Amino acid sequence: MIRFLLIDCPDEPGLVYRITEILYRHGLNVLRNGEFVEREDSHFFMRTEFEGDFEQEALLRDLRAALPASARIRLRDDRPRRIVVLATKEHHCLSELLVRHFFGQLQADILAVISNHNNLRELTERLNVPYHHISAEGISREAHEASVLQQIAHYEPEFVVLARYMRILSPEFVANFPERLINIHHSFLPAFIGASPYAQAYARGVKSIGATAHFVTDQLDQGPIIAQSVIPTDHTQNAHDMAQAGRDVEKLTLARALTLVFREQVAVHRNKTIVFE
Amino acid sequence: MIRFLLIDCPDEPGLVYRITEILYRHGLNVLRNGEFVEREDSHFFMRTEFEGDFEQEALLRDLRAALPASARIRLRDDRPRRIVVLATKEHHCLSELLVRHFFGQLQADILAVISNHNNLRELTERLNVPYHHISAEGISREAHEASVLQQIAHYEPEFVVLARYMRILSPEFVANFPERLINIHHSFLPAFIGASPYAQAYARGVKSIGATAHFVTDQLDQGPIIAQSVIPTDHTQNAHDMAQAGRDVEKLTLARALTLVFREQVAVHRNKTIVFE
Amino acid sequence: MIRFLLIDCPDEPGLVYRITEILYRHGLNVLRNGEFVEREDSHFFMRTEFEGDFEQEALLRDLRAALPASARIRLRDDRPRRIVVLATKEHHCLSELLVRHFFGQLQADILAVISNHNNLRELTERLNVPYHHISAEGISREAHEASVLQQIAHYEPEFVVLARYMRILSPEFVANFPERLINIHHSFLPAFIGASPYAQAYARGVKSIGATAHFVTDQLDQGPIIAQSVIPTDHTQNAHDMAQAGRDVEKLTLARALTLVFREQVAVHRNKTIVFE
Amino acid sequence: MIRFLLIDCPDEPGLVYRITEILYRHGLNVLRNGEFVEREDSHFFMRTEFEGDFEQEALLRDLRAALPASARIRLRDDRPRRIVVLATKEHHCLSELLVRHFFGQLQADILAVISNHNNLRELTERLNVPYHHISAEGISREAHEASVLQQIAHYEPEFVVLARYMRILSPEFVANFPERLINIHHSFLPAFIGASPYAQAYARGVKSIGATAHFVTDQLDQGPIIAQSVIPTDHTQNAHDMAQAGRDVEKLTLARALTLVFREQVAVHRNKTIVFE
């Protein structure tokens, strides 16, 4: 089994040496290693993939002893993550995740899909995933979010993925999932923040459209960016055509971001991400 | 000699038929033809490349007679355009244009370079182009712009190109060059409007940076977009690194936009462009 | 209903004029029009999208009368094409088509899936498409192809799509589907013709991998190319990693090629394609 | 001053630990570090950027003592490399290098340009670089190569760069510059090996064209690939148009490859490169 070790802490001399010495002492076989120092505030990041038998508690204890007290240490194996997916009516991002999941290629178990509409139920259930329709009609945002939260809580997921979930989430909702709530925004952020980015893109006459996968924070569309992609567009495409063309880049950008996060390739630092590719 | 014919007018039935009938009647050999109808406001665009001997006045008269009164008709040959380039201190966009010009590959004659600094003089003059240093130090923006305008006027250019010219131009200045003033902005507009887009991009932690060539209007960074490109960036690049990496995409995006404009492949319609590729 | 008109014939003066005059006379509303002349052998291509009521036989008769005798005229509406998909064991291209089909976004009806393996049956049938397992074990290639052909014939498809079908087809098989058999090859053709392109790419140490959608002819991997895409790779990816990374570009390249073909945007001329975008 | 340390050797446990321990002991400040193990033959690669005062001989001695005897150790500072550029008639790759050099942005000193034609002399000399015209007319390949070699030897360059040098070099010539001779090939290798790749690409009807920067070995166009890029093309471009469009991707791919090599980001292993980005 492959393990992923992700460490970040204030930089100081000898960190790589101390960490790799510990891995060596525990008899571990390093497959890949990467380090990065954010010079702006002198912060150290290191990601290691390794194999081998080891005692987890002893390893973590040794690492903690060797590192600054404020160090964050994440040690994970490569078993699938437990996730819940929220969607609305558009199928393409959800379909991409469901099909990968169906064939065991998502690095995650989709425990359930929750939607405020019902049109994605058929595909979801045909692909063996529970579907919960929680309508937002006629109830307050608070009440709706409470129902969604309750349903999510039932599954105890590690991550919640917004696969074109079109409702704005309250800061209270978001606060439940620090660095665990991932969204795909259908524009090249920070261009076209907010609603209807394709309509905005059409109105502005841009020559490319894009997609941005990011962690959700209480600032709408302002959280740390994990992955971005763009594709060309031109004058022949109206907002509807752009939305169609954008589907492919959205679904692949989301899938790529999830793979990065699930394999512990993404460290969040202030409002940015360090991505080890 | 190849001719470029660019027509736009309100759409109505039979326009292509009427126009191509006239070209046929004048014995012209159509090399390439493209039409597009903007459905939102029912506006027709057509671009034709053709060869052949013809009487220009007679052709234009026949076209005007066959088209709605508000039609815009542009008929140009493929001789180099007359341009003046404005720059500041960064050389990469200017260098790209000067080298292409030196080898006759720009589809334009660079009549002169005007800069508010003097460090680009050496390259410019070595490549046989007059260089005018008009410092902005110690004088008002109005006075500086008046001097620049006077110098430009001396050359009677068809187009003025801002090759990383870092001063904001007044609406009065811009008004002299409707659809004739082209800028390269060092971001993927409308992301990062205004000053220091790379610093903004770094602060936001984006995963791609870009460049946008556009016509300049009196709305800062809001004019019709001609061409856009992006390249990936990552957490290892600070604002300075991004600026370096962005140079290549800036210079190629500007060069490509100029080729499109100079070959009459770009029609401006309201605040957008129709680009015939 | 939108109609697609695709014409090609030897070039001669006045073709656009004559064709658009006929469309105008029949009262049709042209939405988009494109022409291209292949200069090498002076061949004319034109594609038109139009709306309006018309008598199909009369229109075709008028077009035939106005065009050279060797002209090819294709007139189609935008109803879904009838297709059969052949696959082997890899799911990603088939899944992409099945999901688009499930949500009515493929511009085609998938009448059936035929495979020489059985592992894709479950997904196919869950998404409401008949699945035929025709094993190639223990029988000759001729016998296997005869069974496949018979099964295809039952559905009378307009096109047959090879969605990562890993068996080499005989010229006799291919001859049944001129310009109607479309394959996705998992390399940037003509690099890595033949088997195991990712293993070849790894051995060569390339920095990008790609996918090519093409019409199949009796020359293996040599038919007219419809669409191509590449993605970066690097030294960290072995042949298996490349194959995984290549899935996304394969499935999107195939889907894009099918859309182009099904909307009559692709003319085949000798061993190349003219693609109207 | 920044130092680049590039190490490769057969893999064994504890290499990162041993190397970083030495760097730590010598009081060096690691700015960036990357390791990679080629699993196929269990070979280890490590690249480190560091700052600090140190005794070079002592550091190298300690590293050699800690590493397997077959280890290759390259330690370089970030001063410009000494290079000679060979060109023929096409200017775009040479111009790109000359302009970057003129403004101190190449990470190299261009000591001289050698060409078998004379049309690039003017630009080269205007940009302050010596130009040697060594005609190949009327003399044997051996004699021509001998003259070129002699001229190169005069400058004692670290690297020789082929900036669209159109003559095939003999294995004897190449043998003088192991891992020090870099070429830009105007296709996406291994597609279109040999002469006139754009003519080959046009004949094949590809939808993308590309460029490949590689080390030259005695196998024509078969050496280790450093960088590759592609751009889209279409049916409207003939071989001449493709050659024009390809210029931009060629010059940027070459410039990027040189930066990678000059900053010691490229390790050659058998016929591949390990590129630390």
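Each chain carries a letter (A, B, C and D) given by its place in the written order, and its residues are counted from 1.
In the analysis below, contacts are C-beta pairs under 8 Å (C-beta built on N, C-alpha and C of every residue); 3 or more make two chains touch, one makes a residue touch a chain.
Please read all numbers here as calculations on a predicted model, not as lab measurements.
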Q: Please decide if copies chain A and chain D contact each other with the same set of residue positions, more than half shared, or with different positions, and reply same or different.
A: same
(Q) Count the C-beta contact pairs for C-D and for B-C, then tell me which is higher. (A) C-D
Q) At what distance in angstrom does the C-alpha mean of chain C lie from that of chain B? A) 38
Q: Could you please state the distance in Å, as a whole number, between where the Cα atoms of chain C are centred and where those of chain D are centred?
A: 40
Q: Please set out, as single numbers or ranges, the residues of chain D touching at least two other chains.
A: 32, 36, 39, 236
**Q.** chain A - residues contacting chain D, complex
**A.** 13-14, 16-17, 20-21, 23-24, 27, 29-37, 39
Q.
Can you tell me which positions in chain D touch chain C when the two form their complex?
A. 36, 38-40, 188-192, 204-208, 210, 224-230, 234-236, 238, 271-275, 277
Q) Where on chain C is chain A touching in the complex? A) 32, 91, 95, 99, 102-103, 123, 126-127, 236, 248, 252, 255
